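Below you'll find a set of structures to go through.
Both of the next two complexes hold chain A, though its partner changes from chain B to chain C.
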Partner chain A sequence: MKQKQQWFKYVALFFIPALVLGVSAGVFAAEVKIGALNDVTGATSDVGKDYALGIAEAIQYVNDNGGVNGKPIKLYQFDYGYRIPEALTKYKLFKRLGAVAVLGWGTGDTEALSPTITKDKMPYVSASYSAHLTNPKKTPFNLFAATDYSTNARAAITAWFDTRWKKHPDYGKRKPKFVCSYHFAHPYCSAPIKAIKDQAQILGFEIGPDQNVSLVAIDAKSQVLAMKDYGADLVWHGNTTMSVSATVRDAFSLGLKADHIVNCWGFDENLPRLAGKAAEGVMGAPRCAFFGEDVKNMDKVVEYAKKYNPGVPLEKRLTHTVGAWANVMALWEAMNRADKAGDLTGEGILKKGFETLRNYDVGLGVAPLTYTPTDHRISGTVSIYEIKNGKFHVVERVDLKSRWPEKWEKEWLGW
Partner chain B sequence: MQRKSMFLAVISMVAVVMFMAGCAGMTAKPTEKNFKAPTVTLSHVEVQTYWGWWFFSNKIKPAKGKAGNYGAPLDLAFIFEITNPNDFPVKMEKFQFTVGFEDFDVNTVLSNEAMWIPAGKTNQIRFHSIQDARQTQLSLLVTGGLKLKESGKSFWDMLEKWWTQIPDFSFPVHVRGGSAIFKADGVMKSVSFNYTFP
Partner chain C sequence: MSTTWLPCGDYHQSYREDHAWFQTAFIKGKMFILAVVLLVFVPWLADSYWISVCNQVGYTVLGALGVQLLIGFCGQVTLGHAAFIAVGAYTSTLLILEFPWPRFILDIGLAYPISIGAAAVVAGFWSVLFGLPSARVKGFYLILTTMAAQFITVDFIITQYVSQIGGRGQAFSLPPGTIKIGPWVIDSDIKVYYMMIVLSTLCIMGIANLLRSRAGRAWVAIRDNDISAEVMGINIIKYKLLAFFVAGAIGGVAGAFWISNLAAISPEHFTWFWSLWLVGVILIGGVGSIHGAIFGSIFMVVVMELLQLAVMPLAGEYPKLLMDFLFVKEAAFGLAICIFMIFEPNGLAYRWWQVKNYFNLWPFSY
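Here is the complex of A and B:
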């Protein structure tokens, strides 16, 4: 009898824990929580929706490939409609949920959140590539896997000078005339203004009056006429695609003879579609490859777009998906490194993750990533593209760091 | 003591029989071949909460709070039916679609919440699409601005029409580019869908 009782005890000892563990295995599986703020309904939704799709697809890829050293990522992705109060509210939610990092969006909300995320030691990988976020002395937890707006603007104006102005009949006879066209009140649009004007002066340009073109403009005739009156040779556009295409179209129809260079959020596959002939010759710094371009890891981007968003035709996908992947790939590597070092905290992800990356190649047409404790600019080399027959072609790779080493090192960080 | 032993023996037998029965009821392992794609059907669209039509510019002094460009919110609920035709449960991991009013996309609904659908059953799920008139004005301009310009329509006319006529659904509300991701034991199926209501 005693033997039977013993047997029953063994059975109970075996089955009860097995039952409990079996039921609760899912509950105890470690997850790495990440928040994502996206704009799919607001003033930048023309580019924000594609970026949001890219974030979700890249996280799926990460999870299909083992997550963070075996721990899957749980993504909390929200639309905030490009409204800063909404972004601040959602950030508080991410903190309550226990997110270890945030994939953010716009310049306004990223810069507004910067003091908070610094205090919270929350790595914040944004789609705002504002140079204001690259100096770790001021914004240590702000990061992104792209060359910043100011570096891109300096490179674009330099490439135009090298490839177009030097062939102009007036080269050497007069200064090229330059104007900026952007929405003054938006931090994204105005972030690189100081840098591009500085570069214009370095290259010996004459700088004309800025033109205030709304981020939601569908008509920019009065501003284009002002550019024409000034006799602009070159216009820098700081808005997103819809507004840029409206301005370029008006410039074409009103006979403005100037060339155009565009910031990355206005220089995508929709620009030639919307602006047609007017987009021919437009130059820009897309900060990564275009969707489907023949570069390392693009096959994965296309595969996951097909697999996870089969309802969105591939021909409608944009370079912003690729930009989203670059940010996710950089964060993934940083988290893997921090986790291996046993420190998957905000500070660990920054110090033992991001700031250990040296020429880390994510492919995707992004410059190799280097982040140091004193400089979060990933690279000084920028590929400048132009539109020819509706397609994007590289015209020059501008290496600012080699060309102006002292300025790069001592002057240009953080603006 | 003997009774107690008998009782324990019977309980053990029952547990073993139930365990075996449970195992017997288990279906084949999901594979690429036997995993049938679940179906996603739009049941209907509701105006979840209605605030009417209004817009205040930032030039209007509010009774309380700060002035701003504020438009009436619009909260639409999209009720979907998701049917699992398999003889094993499947997990829905992601659900996403774009909301279109007439020819214009006005919102994208994203959900990463997981939901299990039992074998052979249909679940109903409600997704909210919330936006205000200001947000939609901006979205309309940046995603459909040139189309709007070519059609000769003003965005105010469009917004007023949509906000005032939505209780009657007198214009088509589209679900575009929808996709849902289903998984069963590591096997994945994606389903795309498009609907128009009414």
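Here is the complex of A and C:
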């Protein structure tokens, strides 16, 4: 009995002071507080882990370089396992801790929290590049430093049309047949489907039945056979890398004579590793440079990856680290500007920070950033890559804004 | 027989007294204090974060009540309850966004309250549909049929078809001002909190009343031994389906409540894991007890949040601690279930009952 009481005392001695400190965590206010929601255990963890590492490293870099005009950033970074109720409570916790902005993760949490962050005027810089978040009339506080999924998808299908279909023997004789393969239940996967089908119609494609492939699929043979029956010339993959590699591998082994284009979260350094030969010729829109690629500011990304996560070999690091850096760099610049203007609040970060950026170059292979009060699409120019001998090469830079200026301005915003 | 301890020498003289809600002045006083705490002190003392944690508890209670009814009172194991919550949430959302309400209904703010009722009815009937196999199968086989509810409802019907209504891809977003009860626009955590208290109280009272009715007794009989229950003349198919209806209806209310909390909805909000989590809630809280659903929800939400706050001061030294917290939480969830199964199989509700009895019988509580 005595022993039991002793244990209780030890537990109480640790937890009660910790709890008091934790509950009152919001009172220490010398820092700029930022929340981060990441997925390292959920449905999108295959790409989320690397992104989460990138966020932590980039914030270290910001703090090593003076933070926000001399004020260090305090990062509260949580894994929410891609569960929406978890994301909601974590977001409320960030608010309670006094966070001025949140670095979010997927389309699930971003779209679910969108009404709330709009009401709270909380900048939410996420890795969900859904075009639904680019119209400031509807979602003014949702931001990201990348071209959106729909723009990427339109650019990728256009690049395929320009570089592959025009050389096809059937070019001019029949319409190319196009199929979308993605996990219907996930908003991330389905976000650009309407746009890519619209672009397919603009380019004169014939659109086949969508194929539902789970984000955690390790086999997609039945879906590939359906694509084969349809006679697809081109397949759009909207999932993340594990699932895309499984589909591409099955397509290779079942002899599907189609080309593949992949959304950014399925088009990373792991794709050629996992799919091997089957990944040869696959095209994609990675939204930023690949890890270690020779572009501006990549040296810092590599340096901090070595310094803060030496346990993760550099050859295992992915483009998603770079994407995380891009978001942090954009938020950093916006916060610096807002702070200089004396308004480091959610609204200040948006109006006096992000919306003052004009062709701001964060490097890292990201298109220069421009946010206006009426349009949060950063750019209309997208670099399309393809895999050749296991390496990524740029095949075309598609400028949607100059090719379809009217549609870009009047039709395509926000979807 | 009444389960309330009465002062020595006091006896009930009618069934009415025996079944009364609050049988002594002391109990009435306790209930009054509880009402004051919930309606005055919590909203007054708690900040927005803790209010949102309370809302999360309320959502979990509403979800777990249906699971408790099916598993704890009727013995019908379910692993697909998130599907019925989803049906309720989508019914309510679609009625608010798409239904051509007459102007006066919108003006007097009745669209959302009506949609909550409709959500309960639709989710109830949807639940009955997946309860039909319970007429023929039980045990593991029934678990599989309820899991089918999850996959057919959420992954197939809602994702493929319902989510596409209005051409908006996957997620529905409810514009500000659309979630409204009378003149009361539900646009802050505190308003959601009050709504949660009202809905939870109504659902708890509804279930508590049902349990002391003919239906409640039939459910318990079916749980204890369905063959004996049938021999006694209970129509077990009818009462099993009634249990599915009521459980689904409360799930529907939970779903309709959830949309007020987020003002957005997508199929991802209703994963199979949530169904599993609700079963964990009643296992920890105590199977076969309304208190169990409440205590389990408080444990699973509040204790986890407190644990998180306790590790936060260490985050300066060990930043990865916060990132790894979900692992800690998952491990704590699994561990808690194991510990409760071994050391307190009747859950927190039983412990509460013991504590209450200790004080009720004091100083002769041996």
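Quick note on the criterion: the second predicted complex is superposed on the first by the 386 of 415 C-alpha atoms of A that agree within 3 Å, B and C clash if a C-alpha of one lies under 4 Å from a C-alpha of the other, contacts with A are read in each partner's own complex, and residues count from 1 in each chain.
Throughout what follows, contacts are C-beta pairs under 8 Å (C-beta built on N, C-alpha and C of every residue); 3 or more make two chains touch, one makes a residue touch a chain.
What you are looking at is a predicted structure, and each value in this text was computed from that prediction instead of being measured.
Q: Should the pairing of chain B and chain C on chain A count as a clash or a fit in the superposition?
A: Chain B and chain C clash in the superposed model.
Q: Let me test your reading of the model: by the given contact rule, A:Asn309 touches which partner, first (chain B), second (chain C), both or neither?
A: first
Q: May I ask you to decide whether A:His132 touches chain B, chain C, both, or neither, giving the answer as first, second, both or neither?
A: Only chain C; A:His132 stays clear of chain B.
Q: Which holds for A:Lys92: it touches chain B only (first), chain C only (second), both, or neither?
A: The second partner, chain C, only.
Q: Touch check for A:Ala330: first (chain B), second (chain C), both, or neither?
A: neither
Q: Which holds for A:Val40: it touches chain B only (first), chain C only (second), both, or neither?
A: Once the two structures are laid over each other on A, A:Val40 reaches both partners.
Q: If we overlay the two complexes on their shared chain A, which of chain B and chain C does A:Leu413 touch? Say first, second, both or neither.
A: Neither: A:Leu413 stays clear of chain B and chain C.
Q: Check the residue A:Thr116 against both partner chains and state whether it touches chain B (first), chain C (second), both, or neither.
A: second
Q: Examine A:Ser245 and indicate which partner it touches, taking first as chain B and second as chain C; both and neither are also allowed.
A: first
Q: Touching A:Leu75, do we find chain B (first), chain C (second), both, or neither?
A: both
Q: Superposition on A: which chain B stretch among 43-51, 97-105, 151-159 or 169-177 collides with chain C?
A: Looking at 43-51, 97-105, 151-159 or 169-177, the stretch of chain B that collides with chain C is 43-51.
Q: Chain A residues touched by both chain B and chain C?
A: Residues common to the chain A contacts of chain C and of chain B are 15, 38, 40-41, 52, 56, 75-79, 81-83, listed in rising order.
Q: Spell out the part of chain B that touches chain A in their complex, as residue ranges.
A: Those residues of chain B that touch chain A are 1-2, 5, 8-9, 12, 15, 94, 96-98, 106-108, 110, 112, 131-132, 135-139, 141-143, 145-146, 148-149, 176-179, 181, 188, 190-194.
Q: In the complex, go through chain A and note every residue touching chain B.
A: Within the complex, chain A contacts chain B at residues 1, 4-5, 8, 11, 15, 38, 40-46, 49, 52, 56, 60, 74-79, 81-83, 215-219, 240-243, 245-246, 249, 274, 307-312.
Q: Applying the document's contact rule, which stretches of chain A touch chain C when the two form their complex?
A: Those residues of chain A that touch chain C are 15, 18-19, 21-23, 25, 38, 40-41, 52, 56, 75-86, 88-89, 92-93, 95-96, 107-108, 111-116, 119, 132, 184-187, 190-191, 193-194, 415.
Q: What residues of chain C sit close enough to touch chain A in their complex?
A: Per the stated touch rule, the residues are 47-49, 52-53, 56, 59, 154-155, 159-160, 167, 169-171, 173-174, 176, 187, 189, 261-269, 271, 273-274, 301, 305-306, 308-315, 319, 322-327, 330.
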